[in-house]
Amino acid sequence: MRTKRRTGVFGAILVAFAIVATSCGSGGGATTIKVGSTNFTEQEILGEIYAQALEANGFTVERRFNLGARDIVEPALESGEIDLYAEYAGTVLEYLNNGAGEASGDAAATVDTLRQRFADRGVTVLDYAPAVDANALVVTQETAAKYGLTKISDLASIAGDLVFGGPPECPKRPFCLIGFQDTYGLNFKEFKPLDTGGPITVAALENGEIDVGLLFSSDGAIAAKNFVVLQDDRHLQPADNIVPVVRTAVNSQELDDVVNAVSAKITTSELSQMNKLVNIDKEDASTVAHDWLAANGFISG
Amino acid sequence: MILAQTTEPFIRWNWVWSHLDMIWGRTVQHLALTGIALGVGFLISIVLSMIALRYRRTYAPITWVTGVLYSIPSLALFVMLIPLTGLSVTTAEIGLVSYTLLIFIRNIVAGIDGVPQEVREAALGMGYTRRRMLLEIELPIALPVVIAGIRIATVTTVGLVTITALIGLGGLGQLILDGLNRLFTTPLIVGSVLSVVLALLLDGVLVLVERALTPWARRKATIG
Amino acid sequence: MTFLADVARWFLDPASWQGSGGVPARVLEHLSLSVWPVALAAAIALPLGVTLGHRHRGAFFAISVANVGRALPSFAVLVVGVPVSIKLGLGLSYWPAFAALFLLAIPPMLTNAYTGVREVDPGTVESSRGMGFTEGQVLRKIEIPLALPVIITGIRVSAVQVVATATLAALIGGGGLGRYIIDGLATRDLVQVFAGALLVAVLSVITEGFFSLMERFFVSPGIGRRAEFADISQIPKGF
């Protein structure tokens, strides 16, 4: 008898729960955009910039940052786990076309081709920003002085004595190790997988664990540590302008207008400055993004 | 060669105070991920344990499978689940739940097995059905061993949740990851210390729960 | 099923076994990452635990070390090692991982050394004292041999835990079998991830078996207690 009554009460609670759960399920009228990012701070800054700009224009934004490398995040975009994130035009084009060599130094042409490639995948490519962030081959002042290095082709004769460090995906990337080997004939003594242009690569450069490192051209650490960026004299790096990509299914004219207006104002030097504020001065990405948006009139205060 | 960042203090307290909200949010997220894993894991383990106790021959294969799951490095498991369940809480939870199963099952079965045979026989003699005996005799006696298992699983899970930061989740693990990405020791220390504190706190709570649920153990101790 | 076929193909490919990224090289890196922390931890934890157990002191300390040890997330300890190593000018590929694994290795060995010695039958200990044994002799000839199964279990648990967790070193640019998992993650090469996980699991099982064998060799047959083989739920899971 007691057990039967207990089951009855339990069942009633379950039903009540279900009713409450389903009624809380459906959201309001505002469109929710899931803004994502890959796993380095510049991506978080860009994500915050677009997220806050959208929020200021009536969108509800769900932030999904630091999800992993492009190999994780781009498929997440296509499958709808995220709706929008910031890409780099040339590099992502070659990622999509499996290194077919369609990207070039011409930003407009590269982005046009990118639009076609992404269209097949249900993704719309929005306007690209003036800001560029490409792979940069970097050495310390001492190394540059020792071997007389100013450009990447200077490495050709000595690469066999040097240790190169970069992101773990570098050996598989056409604008990373593959490109350095093919375009510049660089066969380094060893490749060390470190992190994505972050403090581990910087530290490895500084303490001599690696001789040449891969950082990103907009990284604040380059100036802060007085590193020497070797000039890309054979123009391996394509036009890696920041370009937001959004799932066509959730795209709208309003969203495009907001995002494009913002992108138009992002310059390389401003991006580098923001990187420095977050990485070196330890400010929050959200605060830095907010200040930039306010300074450029996108949001108040 | 002393490198740069020597000006970076170990902890910037003003950062901590100004980010209390965010730190709290991460802690709650951490607790939620832990709680779901423990809850679901415990339920599944009870079912599997009952099966193992009833059908003795299933115990070895059940322990074998959960043992294999237990030995998979967590990041590898999360990564392999991504194509199936995406970058979601589900992916993290499938992994976290898997790691609790072996601990729970071993302890539940050991606990129930530890019930003295005389007690069982006395109960049978008094007319207890198998079901009543399980619920009213065996489980209470097994409680200390079961709770010992819950304690281990809890502390383990709190630690493993930090790793889910690498797929965009992670609660306090996000603070640790941020500390790594920016070489910023403050969130790194805060995230690490809070993880340990959380684990020890939950462990302490479970010890108190055990004491509350087994008053006869204390009575026996004070009498004897 | 094709996924498993791909994994098999990965293992059958000779390229997977050559060079600095090949399986033998990575296994050696992994072992080198694992052996030294365990050895150093043993050098500290075993004498300490044995001494405390012999003197019947420090119970609270030994238990607390075990509790806090389990509560320390290995990921956190590893990452904390990064700024510390940088400040000290040490390389990143070895020392943060070493520190994390060293801390991880201590609790099981300390607790088991302590408990093993402490739980030796007091009657036996007393009678040996009565026979004129010095404290040192009691320790060396009575307590340690009798406590050996439990002590070796502690070393075994420690070693397996370290081998499994050494996978973490790859997160901060280190080597070892974790490289397959991290590099596979970065290029979404799940076959590589799986291969790495499999290798770690196999290496853990081999480590487990090695110490079980050690126990068989070093524990005198007269001592009844044999620690249970392969109860891996006893092994704290750090990664």
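All chains are identified by letter, namely A, B and C, in their written order; residue positions are counted from 1 within each chain.
Everything below uses one rule, namely that contacts are C-beta pairs under 8 Å (C-beta built on N, C-alpha and C of every residue); 3 or more make two chains touch, one makes a residue touch a chain.
Nothing here was measured: the structure is a model prediction, and the numbers come from that model.
Viewed as a contact network, the protein chains are fully connected, with every chain touching every other. Between A-C and B-C, more contacting C-beta pairs join the chains of B-C. Centre-to-centre separation of subunit A and subunit C, using mean CA positions: 38 Å.
Mean C-alpha position of subunit B lies 21 Å from that of subunit C. Among all residues of subunit A, those that touch two or more other chains are 68, 72, 199, 203, 207. Shown for subunit B are the residues that touch two or more other chains, namely 1, 3, 8, 166, 177, 180, 183. Residues of subunit C in contact with two or more other chains: 82, 86, 89, 172, 182, 185. Residues of subunit A touching subunit C in their complex: 68-69, 71-72, 75, 165, 167-169, 172, 190, 192-195, 199-201, 203-204, 207, 209. Here subunit A touches subunit B in the complex through residues 39-41, 64-68, 72, 76, 79, 81, 198-199, 203, 206-207, 224-225, 278-279, 282, 284, going by the rule given at the top. Every residue of subunit B that touches subunit A in the complex is listed here, in rising order: 1, 3-4, 8, 12, 15, 19, 82, 86-88, 165-168, 174, 177, 180-184, 186.
On subunit B, the positions that touch subunit C within their shared complex are 1-3, 5-6, 8, 67-68, 70-77, 79-80, 83, 99, 102-103, 106-107, 152, 155-156, 158-160, 162-163, 166, 173, 176-177, 179-180, 183, 185, 188-189, 191-192, 195-196, 199-200, 203. For subunit C in complex with subunit A, the residues that touch the partner chain are 20, 82, 86, 89-93, 170, 172-173, 179, 182-183, 185-188.
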